[in-house]
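Pasting the structures here.
In the two assemblies presented below, chain A is common to both, partnered first by chain B and then by chain C.
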Partner chain A sequence: MVAPEQHAGHLENASAADSAHAPGPAAGAIKIVVATDCGSTTTKAILIQEVDGVFRQTHRGEAPTTVEEPFADVTVGVTNSVTELEELSGRRLINPDGTILRRTSPTDPNGCDIYISTSSAGGGLQMMVAGVVRQMTAESAKRAALGAGAIVMDTIASNDKRRPHEQIQRIRELRPDMVLLSGGTDGGDTKKVTELAELIAPAKPRPRFGGEYSMPIIFAGNKDAAPGVRKVFQHGGFDLSVVDNLRPSLENENLGPARDRIHDVFLEHVMAHAPGYDKLMRWSNAPIMPTPGAVGDILQAIARGRNINAIGVDIGGATTDVFSVFGPHFNRTVSANLGMSYSISNVCAEAGMANILRWVHLTQMDERELRNRVKNKMIRPTTIPQSLEALIFEQAVAREALRLAYIQHREFATNLKGVQQQRTVGDTFAQKQGGSSIVDSLALDLLVASGGVLSHAPRMEQTAMMLVDAFEPEGFTELAKDSIFMMPHLGVLASVHERAAMEVFERDCLIYMGTCIAPAGTAVWGKPVAKYSIDGVGQGTLLGGEMKRFALAGDARARAEIAPEKGLDVGAGPGKPVTREIRGGTVGLILDGRGRPLVLPSTREECRTAMDSWVKALDLYPS
Partner chain B sequence: MAKAYTPGLKVAAHSTYRSRRLLPIKGEVLVRVGDLVNPSTPVARTYLEGEATPMKLANLLGAQPRELPSLMLKPVGSRVANGEPIARSKGIFGMMKTEVKSTAEGTIESISETTGMAIIRGEPIPVQVDGYVAGSVVEVIEGEGVVVEAQAAVVQGIFGVSGEASGPIKVVCAAPTEVCDTDHIDASCKGCVVVGGARMTAAAIKKAKAVGAAALVSGGLDDSDLRDFLGYDLGVAITGTEKTGLTVIVTEGFGDIAMADRTFHLLKGLEGRLASVNGATQIRAGVMRPEIVVPLDDAGVAAAKAAMAARLAASVAHEEGSLEIGVFVRIIRDPHFGVIGTVAALPEAPAVLGSGSKARVLDVKLSDGTIVTIPRANVELIEG
Partner chain C sequence: MVSMIDSVLVSLTLAAQDAAGAGADGATAPAAAAESFFVSGRGALFGWLVVISVFVLVSIMKARAGKVFKVRPIAGLSAVDEAVGRATEMGRPVLFIPGIQDMDNVQTIAGLTILSRVGKTTADYDAHIEVPVSRSLVMTAGREALSASYLAAGRPDSFNEDQVYYVTDEQFGYTAYVSGLMVRKKPAACFYMGQFFAESLILAETGNSIGAIQIAGTAETSQLPFFVAACDYTLIGEEFFAASAYLSGEPDQMGSLRGQDLSKALVGAVLVLGVVVMTVGALAGGLVDLGSVSRFFQSLVGG
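Moving on to the complex of A and B:
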C-alpha cells in the first residue's frame, strides 16, 4: 500500500522563500487574476475575470521570453505579454514603471487583484538525485524531483553498476541546480547513505547558475544518518538542508517534505540567481512554480475532483512530459530528448525511420530526404510544416515521440518496489508483483493533450488520432486538449483560489474532442470484434482492423452499449458487454477495432494501405 | 503592435568581433589590456582539482570503520604514490597483517570513521585558455579571463561539429553551387580552413581529415554522411566537444544545398588570410552557432567598409533583425528550402497553408522573378 503523496498547498506551507512575495488579498476578494508562464522561448499571459459569478479566462497575450541577452531580465517579457492583454482587454494592467497594476477598489476599472506566475525559462529546474538502492530509495527520490517539476539529469545509486570513481566523475560533469540525496529507511543502516554523501562531497558538483553560490543539497534519507551526512557536507561550499525521509519504511513513500523543500530551494537559489527573477518574485502574490509542477498539480486536482483516472501529456520542442493520476498515485516523467524540434533527430534515432513511416499513408517518401529534413528541423527549430506532406511526416514523428515517452512513463510509474507481499495460494496467480505499472489503460478515463504539434494540428481529428495511436487507450476514454496551454497558470492559481482554477479549467482550458472506445485484446482483422448500439448514432458491428468515427457534437452525451467478442475487453472483463454514458466533442465518437496492444501490419505496403483506410475513416487530411 | 523579429545568420565583411575567453573556475590571467594575441597565445590558466579516487579501506582490511584512523600508515594530507602501502591491519597476534596499497597517486584527502572509506585526490589538472583569434586584449576579468577584440570578417554557419581551430583560408570550389568532393582536397589543404561550395561529401570530409586540414566549410551535408563522420546518429544539436580531428561547418543546412553567394564570395575574397573557426553549435537556450572569424588589417577593414557601404546604398535600409519589404531572406524549410530572395509583401492577415494550418505569411521574390508565399516562421534574414 502506498501512501498518497502529501503535497501541501504553497500558501499553507509558508517558508522563508514565501516571504519574498507580495501578500495577496483573501480568496473571496479575488475577482481579477493575471497569470503568466515564462517558458524557454515564449512568455504567455492570461487574464481571468469573474463574470456573472463564474471565473472565465477572457484574454491572452504572449511575447518572447527575455531571460537571455540582450535583455537578461525575465520581467521585460512578462511586461510585454501583459501589455498585449492590456491592448486586447482595454483594461490597464501595467504601471508606468512596468510593474503589474493592482486594483485599488472593487469598482476600479483598471488593474488586477493578484498576479501569479510559473517558469521553465533557462532550462527549468535541473537536479541530480541519489539513493542507496536504484529501484527503491533512488527511484522514490527521482519521483519526488520529477513531481516537483524538475528535470533529473542523472540518478546515482550504490547499485547502479558504476564504480565509485565513475560516479564521482559523472557528478563532476553535471551542473545541477541542486542535489537530492536519499537512502535507507528510518532506523535502518546508516553506512550506505553516508558513503553516497562521501562520494558527492569530493566530486564538488558546481551549480549551473552563479558559480559563487553554495550547492544546495537536500537530504531526505534515514533520519539516523543525518548527523553523519551533516558532517560530510559541513565544508566544501554546500548548503545542506535535512527534511523527513522520503522512504521512511519500505512500504511507505513520503514525498511531500522533499518536494516542498525542492520548491523552496528553487525559489531561494535557482530563481534568485536567474536574470530578473528577484523582481518577478516581488511582483507575484504566490511562489513562482516550475511549469511542470503546476501542470501536475492541476491534473491531480481535476482527477480527484471528478474521481477519475487521468493522463496528461505535453510534447514540446525538446522534451515530452507525461503526467498520470491513477487512484491516489501521481506520477510525472520527463523524456528529456523526445521532442519535436530540438530533439526531433533523437526521436528518429530512437524510434527508427521504419517505425515512423508506419504512420505515413503517402507513397513517395525518399528516406534520404526525410533524414535531411529532420536534421534541418533540428537546427532551425521554429519552422512550421508548409506542405501537407511535411505535416503528415511531422505528425508521424510525433506519434513515435509520444509512444516512446509513454513507454518510459509506464515503466517508471510503478508500485513501490522492495515491498514484501503476503500471498495465499489462491492469489498466487492474481496478485501483481511489486514494481508493476500503476498505469492501466483500461482504467483510464481522460487523456489530455498539450504542446505545439497536438495543440496546433489543423484538424482536431489529427490530434485525437495521434493520441489514440500513441497511447492506445483501452475501453472507454475521453480525449481532450488544453486549448492554449493554460494548465500551468491554473496549477498555480489552484494554490491560491481553487474554485477559480477549477471553473476556468472546465469552461475554457479543456476542449473535449470526444470519446474513444477500443476493445482490448487481440483483434483478428476483418472479423467482428464488438457489436455497438449508441443512442443517436445507431448500431452495428465493428470489425478487426477497422476504425469508425461518428459525430457527437459539443457537450452531447449518449448512451453506448458495447458487446465485445470473446477474448476482448471494454472494461467489464473479456467478452462482457458494457453500457455507459459517453461524452461527445469536436471529433465525436471514435470506435477503434484494431485491438490492443496495437500491432500494425509488418510490411510497408500493407501498413500504408491500412493507414490509408484509417485516414479516410477519420477524415484526417484533405483528399 | 509588437514588432516581429526574424533573426538570421551573420555574414559580415567587417565587424568588431569580441570573444570572451574565460576559465571554467577562477585562476590566473596571463595577459594585460592592450596586449596583442594570436590564436595560440595562452591568456589565462588555472588548475582543476584532481580526480578523486575512493578506497573502501576498512572493507579491504577486514576492520571496523572506526578503527581505520589507527590503521593508516599516512595521515590525511599526506602524499602517496600509486601502489604505495597506505593502511595495514593489526593482524592476529601481530601476524598475518593485511596491507592495502593506494590505487592512485595524490594526496589523502579524507578518512571516514563512519564508512571506512578514504579519498585520494589526484594531481591538479592544468587548464589553459588561449587567445582563439588574432586581436588585442580589451578587457581583463580578474581571475577569470579576458576579452579579445578583432576587426574581422565574420560568417556564422548553421551547424558544425568539433571545437576551435585556426588556419589560412583555402577556397577549393570554383562556385558556391559546386559539390565539394575528394577531387577538391589534396595535400596543400594541410593546416587550412578549407572552403567548399555546395554539399560536402563523406569522402571529402574523410580526405580533409586525412591530409590534416584544420576545418572544412561548405554549404550542405547529408545526414548519413554526418553519421559516418561522427560514428553515431546525432540526436540533439549540442556540439563542439567532439574529438574528430577536423572542425566541420555547414553554412546553409542538410542536403544538397549551395552556399549563399554572399558567403562564398566573402570567403573567396579572404583567401590566404588566417581564420579562426569554431564548430560549436547549441540550438537551445543561449543559442550558439558555428563561426568563421577572419581578422583584417587596416587596409582590409577599409576595403570591407567600402564594400559594405556600397551594398547598403544599393539595398533597402532596415532595422537590424526586422522583417521588411526589400530585405534579403533565406527560405529555411521545404518546399523551397535554401532558396534566397527578397521580401515582396508582408500581408497582415494569416493565410491557410497547404498543410491546412493557418499562419502569418510573407511573399518572397526569387531571383528568377517568381513570387512564392511562405510562412513567416520559415524564413530567416541574411544579416551583415
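Moving on to the complex of A and C:
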C-alpha cells in the first residue's frame, strides 16, 4: 500500500486529467468519429462512420503540424486536417470558431459524435527511468515507460557501471518530460532506492517545456522506501507521485499503475505545457495518448480479440519501434538509432556493408556504390528513391534496420529475471535460465508492418519480402501492413468504443498480404525441406534455399497441409505434418525453404545468385 | 610369489598330485632376475600418458600465446548476476559456503575461485555477502580472495574482513550454525561451492524453504542429486572445475581444461571403436578373430 495522503493525491491528479477532456456520449450512441494523430511533421485525420451497421474508415485528411512557430498552436494543424476531411466527405465538421463540430441529434447531417487524438509532436513523450538493478527493477521501469509510449532517454541503475558523479552529470544533461523511479521489492531494499532519489534530486533535471513547470517524478518502488523518497523530493521543485510498486516481488510485475500515472502526467504536464494542447484536450472526448502507446493498445486488443500472438513494427526516419504481444505479455522497444533517413549511417555501421550487400541482387552494385549511396542519403536524408537501384538499396538497408531492431526487441522482451526456479532431478542436464526471450517466431501468428519504407513500397511483394527476410517468421505467419498508419487513431478509439476500433482495424486498417510458411531448422540447399498440398494451388515439394509464391487473392482461405522433412518444424514438432487454414492476400502464399535461422551463402556471387532467384520467384522488381 | 635375487640363476620345479598321491612333476629352465625400469606390459598406458601430456602441454602453450578457448556457457555461472541482483533488490545478504574441507582439497580451491567472481558481483551491486567457513585456513584464503574482488570492482572501502569468518571444524556444528543463519537472516542467494557430505541436503533444503536462489557446485557425486533437486542451478563434477578455470581465465588452467577435454574425446572415440568392432565381429560370426581383437583393445587401454 502507498502512503494514504500520497495515494489520495494521485487520485486527485487522475480525476483532474480525466476532466480535462470533454465527456462524450455512451458507446452505443457513437456513429461518427473524427480522430487525429498529431505527428512531428504532419497531422493525420480520419473520419470513421457506421455504414450498414459496420464501422468503416471513410475519409482521410492531412495537414502540416503546427506546434512550432509561427503558429505555435497544434490545433491549427488539427483544424486544417479536419477541414480536408470536411471537403472530401461533404460533411461539415468544423465550427466557425475552428473547433470540432458535434452532432446535435442522430439525424444531424453535420458534425461528429466524438473527437479523439493521439500525439507524438515535439518529440513525443521523453522519459528517464531509474531502478536498483539494471536487469530487474530498472528493466521493469523501462518496460512500463516504453509500454506507455515514451522514449526512454537513459536508464540509471546502481549497477550500471557509472560512478555517482557520472550519473548526476548524465541526469543534468537530459531534459526529460518526467522521471520514473523504481527499486526494491515491497519489504525489500530501501537504502539504494533512496540513494537513487538522492542522485536525482541534486542533479535537478529540467523539463523540456516551461520554466515554471515542476519536474514530475513517479515513484513506483518499494512501499517502505516511499517516506524516504518523499523527504528527498519535498524541496527543489519536484512534483512527486507515488504509485504501487511495479515489482512488488521479483516473481511479479505490476506495470499498470505506473503506466496509468505516466499517461496522467503526460496530460497534466507535458501536454498542458505544449503549444495549443490545452485547447486540444478540451476538444477531445478521450484522453490524448502518446502515439506509440495507442499503437500498442490496438495491437494488444487485436491479439486478445483473435487469441493470437502478434508483432507490429513501425520503421521511421530516425527510429524503429517494435511491438509484440505473446500470450499475456506486451512489450515495446524503440531502437533509437535504426531508421531510414537520419539514422541510415548508423544502420550501415552496425550491420556492416557486407550484410547490406547480401540483399542486393544487382551485379553492378558493389560496396563502393553502396557507400556512395549511404553518403548521399546522409546529406539529403529526406529524399525518396528515384530509380530502381535506389529503391533496391533502400530496401536492403531496411532489411538490416528491421533485423537489428528485432534482435534488440528479442533481447528486451524476456521473462522476469531473479526468480527462484523449482527443479527436479530430470533437470540435471537442462537447467534453463530465467530471463529467456518471450518472442517465439514459431508461435507468431501475425506480423504487421508500418512506416514509410514498408508502407510506400511500390509492390506489396517487396514489403512482404522485407518482413520475411528481417523477421524470419517460422511456421505459419500472416503478413499485413497498416494501410495509412491508422493504428494510433484506432488505439485511442479502442478505449472509447472497442467494437468500432476492431471493425475498422480488420476492414480498413490492415491490408493482408498473405501467409508465409517457413519450416524452422537447418535446410540443405537443393534437398527437399517439405511437401505441400494446398487447396486451389496443388501439391509439390519445396527444396532447400527455394522460395515459391502462389496467388491466393483477397480474403480467400485455403486448407494447407505441410509435411516437413526430418529435423524441420512447422509448428507441430520436427518432422511432423501440419494441416491448417491459411489466409490469402495481395501477395498470396509464400513458401520459404531457406531454413531458420536464415543463413545466406558466404560468397558474394553465390549470395547474389540466390537473391536473384528469390527476386524472380516473388516478382519483386521489374525485369 | 617367488623372490628372486639379482643375477642368481633360479630354476622352479612344479609337482601336481591327485587325491591318491599319484602325480607328475616338471622343472623350468634356469632363469636369472634382472633390474627393470619399465613394466613392458604397460606400454600402452605410457603411450596414453604421453598423448595426454602432449595435449595438455600444447593447449597450455597455445593459451599462453594468447589463444582464447571457447568454454560452453554454464547456466550456474551466468546466473550469478541474477542471484546477487535478487539479493540486492530484496535487501538481503548473499551466503557463500566454500565446502567443509580444508585448503588441501582441490574442490575448496575451486570454490574460492568462484567466490572471487561472486564477491566481485556483490561489490558491483553493493550487496552484502557472508562467508561462514569451517576451517581456519579457508577463512584466511577466503578473506584474501574477497578483498581482491572488492579491489578489482573498485570498492575496496566496502570490504569488511568480518564478512568471512570461522565457525567450527565440526561438520554438524557448522551445519546447524549455517541453517540457523539462513532461517534468521533469510539470504536471497545461497552458493554452495566445494566438497560436501551429509550436510548438503540440510543446507540446500533450508535455502529452498526460505525462497533463495541457490547455486551449487561439487565434484562429490553422491551429493549431486540433492543439490540438483533442491537448488536452482548446479555445477556438476567437471563443470565445477571448468567454471573455476573459466573464471580465473589463467592460461594454465584453460589450457589444462582443453587438453583434458581432448584426451577424454580420444579415449571415448577408442571405446566406441572397440565396441563397434566387437559387435560387428560377433555379428559376422567367425569372420573376425574376436579374441585377438579383444586383446588388441585391452592392450590399447592398458588392460
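The working rule: the second predicted complex is superposed on the first by the 591 of 623 C-alpha atoms of A that agree within 3 Å, B and C clash if a C-alpha of one lies under 4 Å from a C-alpha of the other, contacts with A are read in each partner's own complex, and residues count from 1 in each chain.
Going forward, contacts are C-beta pairs under 8 Å (C-beta built on N, C-alpha and C of every residue); 3 or more make two chains touch, one makes a residue touch a chain.
Values in this document were obtained by computation on a predicted structure and should not be read as measured data.
In the three-chain model built by superposing on chain A, chain B and chain C fit together without any clash. Judged by the touch definition given at the top, the superposed model places A:135 against chain C, while chain B stays out of reach. Once the two complexes are overlaid on the shared chain, A:159 sits against chain C while remaining clear of chain B. Contacts of A:621 after superposition on the shared chain: chain B is touched, whereas chain C is not.
With chain A as the common frame, chain A serves as the apex of an angle whose CA-centre rays point to chain B and chain C; its value is 100 degrees, to a multiple of 10. Contacts of A:247 after superposition: chain C is touched, whereas chain B is not reached. Looking at the superposed arrangement, the partner reaching more residues of chain A, out of chain B and chain C, is B. When the two structures are aligned on the shared chain, A:189 is found in touch with chain C, with no touch to chain B.
In the superposition on chain A, contact is made by A:385 with chain B only, not with chain C. Per the superposed model, the minimal spacing between any CA atom of chain B and any CA atom of chain C is 6 Å.
Counting contacts as defined above, chain A residues 190-191 meet chain B in one complex and chain C in the other.
The part of chain C that touches chain A in the complex is made up of residues 75-76, 78-79, 81-83, 85-86, 88-92, 124-126, 211-213, 224-225, 228-234, 236. On the chain A side of its complex with chain C, the touching residues are 132-133, 135-137, 158-159, 161, 183-185, 188-192, 247, 250, 417-418, 420-421, 423-425, 427-428, 431-435.
Against chain A, the residues of chain B that register as touching in their complex are 2, 5, 25, 49, 51-54, 65, 109-110, 112, 114-115, 117, 119, 121, 158-159, 222-224, 226, 233-237, 253-255, 281, 283-287, 332-335, 337, 353-359, 374-375, 377-378, 380. Every residue of chain A that touches chain B in the complex is listed here, in rising order: 40, 63-64, 67-68, 80, 84, 121-123, 164-165, 168-169, 190-191, 194-195, 198-199, 202-204, 206, 211, 228, 231-232, 318, 337, 342-343, 345-346, 348-350, 368-369, 371-388, 390-391, 456, 458-459, 621-622.
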